[in-house]
Amino acid sequence: MVENFNIIILVLLVVTAVISLQVKDLLSASMIFGIYSFLICLLWAEMGAVDVAFTEAAVGAGVSAVFLIATVFNTKRKSSD
Amino acid sequence: MVDFIEIFVERVVHFIENVVQPHFNYWSYVVLMMIGLWGLIAKRNLIKKLIGLSIFQTAIILFYVSLGVKADATIPVFDYEAEKSKSAAVVLPAEPSEMGGKSDGKYKKIDPDHYANPLPHVLMLTAIVVGVATLGVALAVAQSIFKDFGTLEEHEILEKIKTGDYVKHD
Amino acid sequence: MDSVNVIQSNLPIWACLASLLAIPGIALFRKEILLRELVTFVAGILKFYFVLQIFFLVKDGSVVETKLFDGIAGINAPIVFRVDSLGILFALVASSLWILTSLYAIGYMRGLKEHAQTRFFSFFALSLSMTLGVAFAGNLLTLYLFYELLSLSTYPLVTHNQDKEARSGGRTYLVHLLSTSIGFGLPAIIYTYIKCGGDLSFAGDAILAGQDMGFLTGAVLLMAFAFGFSKAGLMPFHSWLPGAMVAPTPVSALLHAVAVVKVGVFCVIRVVVDVFGVDLLGEINANLVLCWVAAFTIVTSSLIAMSQDNLKRRLAFSTIGQLSYIVLGVALLTPYAVQGSMMHIAMHAFGKITLFFCAGAIYVATGKKYISQLNGLGHKMPILFGAFTIGAMSVTGLPPTGGLLSKMYLILGAADAQQIALLVIYLVSSILNGVYFFPIIWRAFFKPLPEDAPETKGAPLACVLPLSITAAASIALFFFPGILHNLANLMMPGG
Amino acid sequence: MIDQLPVICVLSPLFGALFVALFGSRSHSACFPIAIVSLVISLICAIGCTQQVFTTGQAMDYFVGGWGAGKVVEGVEIPLGFGIQLRVDHLNALVLCIIGIAVLLVSIFAIRPQGEKDTEKTHYFYSLFLMLACGLFGQTITRDAFNLFVLVEVSSLASYGLIAMGSSPRGTVAAFNYIIMGTVGASFYLLGVGYLYLKTGTLNMDGIRQVIELSPDVADSRSVMVAFILIMLGMWIKMAFFPLYGWLPNAYSYCPSSAGAVLAPLMTKVSVYVMIRMMITVFGLEWVFESFDWSALIVWLAVIAIFAGSVFALAQNELKKMLCYLIVAEVGYMVGGAWLADADRWGLTGAIYHILADALMTLCLFLAVATFAKRAGVIKLDDLDGLFKKMPLTMVGFIVGALAMIGVPPTCGFFSKFYLIRGGIESGRWEFVIALLVSSLVNAILFFRIFEIAYFGSSPPEGHGHHDDEEHGETTARRGLEAPLTSLVPLWITAALIIGLGLMNGQVVEFIRKTVGLLGGGAA
Amino acid sequence: MAMKWLALVAVVFTGALLIYGVSDFPDWGSADSPANGGIEGAGRSVSQTFIQETKPLTHVPNMVTAVLADYRGYDTMFETVVVFAAGMAIFAVLRVLKTVDGQHSRVIRDRSVDGDHQRIIVGTTCKILIPVIQMFALYVVAHGHHSPGGGFQGGVILGASFILLGLSDGMETAMERLSEGKFVAMAAIGVLIYAGIGLLSQFVGRDFLDYGALQPLLGTPDEGWARSHAMLGVEVGVTFTVTAIMFAIYVNLASKGELKGGL
């Protein structure tokens, strides 16, 4: 059971990473990056790295998404590529 | 023709079995890292570059964490019940204070394979925080660039530097 | 050679420091011109006094040594002074002429109301102490160290006038000297350093003595050294010397007739005598290459000198020729030739400096630079042109002047070495020297003065006095060559 | 007390930075004294450590938190690599002193307000400056691979701040590129350490080398090879080695002048030191030169770096940009020198000596150029005209630095070139020797071009100088423009050190040879 | 377009290099890989020592916190310095000290416009939520020894609560709670606490960050307990710094450095 949980998350991870880079609108890119952080936090929790997962959840999904959004609000939202 | 396909399938399965399978999880971090690196170089928007950079760093953290994984090992927090129930021989005091605080080394019986390796986790705590700190500074610099150039697209910025029409402070 | 007793004394350091200490003095009395010139003069005398002291120590063959810093690790190449007969001979010539030149410079500068004199005199003193540094160098590294510093400290002098020609002259001057010294000199030193296992000092027998070296490597290394020390003015790398004529005359007089160019030749002698050793070069006869390069330089420079109308450029090309006399003498390796070349350093120095002094004096007095304008000036300035004639005779090697002695030794050396072709070149080039000097004297004395020539005032006494002293000295050297002779003898026993 | 010195050396700038952040915002004048006191303490500690290592001949070990290898704590015998180890040995003692001196001199130089508009940010500047110093000190003496990564990040973050706080827009763009490249470099290094940890099980540098020497299958395993490549790649990015130097010229020429004066001499040199530390201590020179045997390729890369650096420097017409390309060439010297696989390790000795020499030379040049920029507004080459008259004292400092860069004997530049050329000849790498000679010629042309402009003025008067009626005697230079004392004193101290290091190179190299002799294969 | 191809080439090359390295890794999750089980002949494996000796040495069940704060405490101190340096760098880069009209104008937020409903819903929920978040953050810091958590996680959550306040009620109210002078001082004091504890053990005569030396000061039964309490002190220091700097970064990024207005 644990094995294919791993695989599902890995596939989702790769998908979110690629989308986050490809999507034109920076706000949604930040959102998807938040999801990416949250997913990788799940993967680590499954791998037994509880502390790292907790930090990634708080720091990655939480704060860095807020910083990205704050910057996008203060600059242009449309990205050319 | 048929046996040719069988041989081919058998070889692919064999290949997956003992080349990919044992190291599959290690390949995952390589894939993520390459996505991050590709985003870092190919993307023209500065914010996208930073997202690529963060993916690049989290991939490295994934590699480190997968170093310390042990099959069927619990999280690296010492739990009383498991140690107590595991073997009666381990006479564990209910509370360390009963022992007057002195440990007489009875815990040697702890089986290290039961717990995940804590060292990579410590290293990665540091790496995550360093990653956020760098992201914060990079975003601040990006905003400062936006203040001067009015755009975050790399090719437009280079254009403006060539033509020199950015805000010139005294 | 190594039985010589070594005297430890830091006289050489004092000799070098004498002119260095003058610099703060000069800077201090920036405003009072008289005091400043006095400081320069006193420094000159002090330096000469120290050099004389060392001379009395070295006269009987002993060597004065003193260590400044231990330089490179792993090998014994400390920065050390080691004064032997060759070193003291060159130091005597340089420091004695410095006194006369500083006197001359005071007159010249005051005559032309030159600008930035403080800078001029301080760098003048600095380059002198660097010259003495080269003279006293105890090993190849110290030699290279002071050689480099000399070319840097003379740059501000060469470009003193700070105008277009000074700039381009300075540029050729530096590009040539630095590129050859870094391009050829440094690798050569390092190759020797590796080949001889790290002992670069000139004491004892030659550095590379006993090394098995083929003709090719020996020749390439020798030429790398020869071209590395491009101050010796060997042909392809000589063009910095005419370029440096842009400098005011006292500079070109002392530096480019005596100090700088003689440093180049001095280094070549050190290389041949102390780095390779006469016998090693003899075996692999790599010295022939150097001989023919020097011979080629002599002939071509004499020919070019004939075509030059500018007086100072003609003297410059004649200097290149005379330098190659010395290089050729050393390259012949026979005792007579080496002694002749060492004596020629002194003879040529006194002769050529007189000529430069005269050129400067003419310029101060009449503002004329070109030979074609010199008609009839002999009657106006008889003493000046008299000294000019003596200087010319000394350089060409005619009887009453010392030049004859050194040339005679050189010719005898060439004969010893059975190099008849080189002997012929010696004779022919002496004739060529005459050919490009005597028309000037002829024009000055026997051509009528052009009618419209403005009333010319005589050259200042401070200029005329030194040139007459040097002229007298070159004659005196003919009658009492004793000092030079036994010094040269010490360096190369026999003959 | 003596054996506490290594930690105090790292901590005093940290405490300085904290106090500056605490009290600085209120009174800007308080920043400078705190900074000076903390840096003087760390310099004293650095010199104390060197003295100790020099006299006892032994390296100074220090285990943070008391977790010394082999020490018994509470009945538990502590293995190597349990805690974090610091060690001051022959190699990093001198680097420590050079950093201490450079940082102190630049902090004195930076007291006068930048001249840029935001003088209110001096306390941020000093706080970042001291943290940069703390990071550099820590990087030099740490003996733990991961700790080195954290300290690299500390000094990099401080340098990102220092570069980006300037007022010039191009500076912020350059800072952004520098952040990206610096983080990628540090991440490659981290990945390399991860690969190493996976194969050797410990993070302590000596521990890794023992495992590599101990078990042959680890030594020639692929992942250790890849780990070495990754660490090298990371460090080459940090030190701007040839193919990866894109960020350096803009970053160091458009940043505030006093920031440039501290970053240019130190950041790249400490990265070179880290590379050499990796080669000697973590992998061992035998492993590097035998089983990893790519030294020919890397020396060729270094040769290209030297040529490219020199040629680009020649093509520049901005003064600071030119010096930055010279730094790229100097890094080529050091990497090339370190990778000459010559028997007696003279190339490596030359590279280590060149770290010290080049730090001082670059410091001297950048201090002088910063003073020109501040006092006389010199950016382009031809703004320099007539500078000899306007700022003769600063010009003297610049000349000493320039002569050292060309490699004129008494200065340290000549001696480091001497050892590098010797290493080059003995290892038969003639292309490296030729590259060194050509680049010193190009340096000569570069700097004399500057002297000419400064000496003659960009357009010298036509005709012969002395006939027009200049007034007699000295043309009094306009004294007004001469640099203030706070920028002259550091410049002249550096110039004196350059000549001093040159003359003292005998003892210095003996001292360095002990490291190379002890750990390297070559004879001492 | 050239950049795209360059990126592809670089990515493929590094990817191949990394996978080439992966080929002789120990198997996934194997307990006796060099990292987990150590190499015979090279002394006791470090990570096994961590697992077996943390309980007797420091009485701290959570091995990660023990390694983080005590054994490799020097690393974590510099990590806090990294966070502090990031804060200072952001201030240096973004902070606009002289506003256009030359003096530090303080914008008084006009509370008259209360009518917009969005403000009411978000305002009230946040008013209830923020105290709970802060309580949870302090719990995380305090329980770092027994359960996953510790200085960094707690600090970030505490910082996030202030950011939430800034988002919901506007930056002024958040700045009133935690003004610029306060959080810069807070950040500096956090690192000072950390380094101070380390220095304390040096004053007592043992090495830097050797918490065992604090046993006489803290009056604990044995050195292990002293280490456990000192670790808590260090975690508190880290929390201070991380909270202050996270809030500082948000405040600067949101308001482009003028520290007023905000998102």
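Read from first to last, the chains carry the letters A, B, C, D and E; within each, the first residue is number 1.
Here is the rule we go by: contacts are C-beta pairs under 8 Å (C-beta built on N, C-alpha and C of every residue); 3 or more make two chains touch, one makes a residue touch a chain.
The structure displayed is predicted, hence computed values, not measured ones.
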Legend entry - Minimal step count in the chain contact network, chain D to chain E: 1
Legend entry - Topological distance between chain B and chain E, in contact steps: 1
Legend entry - Other chains in touch with both chain A and chain B: E
Inset, instruction - Work out per-chain C-alpha centres and flag the one nearest the whole-protein C-alpha centre. - result: D
Inset, instruction - Name the chain whose C-alpha centroid is farthest from the C-alpha centroid of chain D. - result: C
Inset, instruction - Would you kindly say which chain has the C-alpha centre located farthest from the C-alpha centre of chain A? - result: C
Legend entry - Chain pair with the higher count of C-beta pairs in contact (B-D, C-D): C-D
Legend entry - Whole-Å separation of chain centres (CA-atom averages), chain B against chain D: 32
Legend entry - Chain centre separation (chain C, chain E; CA means) in Å: 74
Inset, instruction - Determine the centre-to-centre distance between chain A and chain C, using the mean Cα coordinates as centres, and give it in whole Å. - result: 79
Inset, instruction - Please report how many Å separate the Cα centroid of chain A from that of chain E, as a whole number. - result: 19
Inset, instruction - Give me the residues of chain E that touch two or more other chains. - result: 18, 22-23, 25, 33, 35, 37, 45-47, 50, 56, 62, 64, 72, 75, 79, 82, 85-86, 89-90, 93, 148, 152, 222, 224, 249, 253, 256
Inset, instruction - Could you list the positions in chain A whose residues touch two or more of the other chains? - result: 50-51, 55, 59, 63, 67, 70-71, 74
Inset, instruction - Specify, in ascending order, the residues of chain C that touch 2 or more different other chains. - result: none
Legend entry - Touch relationships between chains, expressed as pairs: A-B, A-E, B-D, B-E, C-D, D-E
Inset, instruction - Going by the contact rule at the top, pick out the chain D residues touching chain C in the complex. - result: 346, 403, 406-410, 415, 417-418, 421-422, 425-426, 433, 437, 440-441, 444-445, 448, 452, 455-457, 460-466, 470, 472-475, 503-510, 513
Inset, instruction - Can you check the complex and tell me which residues of chain A touch chain B? - result: 6, 10, 13-14, 17-18, 20-21, 26, 29-30, 33, 36-37, 40, 43-44, 47-52, 55-56, 59-60, 63-64, 67-68, 70-72, 74-76, 79-81
Legend entry - chain C - residues contacting chain D, complex: 30-31, 33, 69-74, 78-79, 112-118, 141, 144-145, 148-149, 152, 156, 159, 161-167, 170-171, 174-175, 178-179, 182-183, 186-187, 190-191, 193-194, 248
Legend entry - Residues of chain E defined as touching chain D within the complex: 17-18, 20-26, 33-35, 37-39, 41-47, 49-50, 53, 56-57, 70-75, 78-79, 81-82, 84-86, 88-93, 95, 97-98, 181, 184-185, 187-189, 191-192, 195, 199, 202, 206-213, 222-224
Inset, instruction - Please name which positions on chain D make contact with chain E in the complex. - result: 4, 7, 11, 14-15, 17-19, 21-22, 25, 62-67, 73-84, 118, 120-121, 124-125, 127-128, 131, 134-135, 138, 144, 146-147, 150-151, 153-154, 157-158, 160-162, 164-165, 172, 175, 191, 195, 197-203, 207, 210-211, 214-215, 218, 221-223, 225-227, 229-230
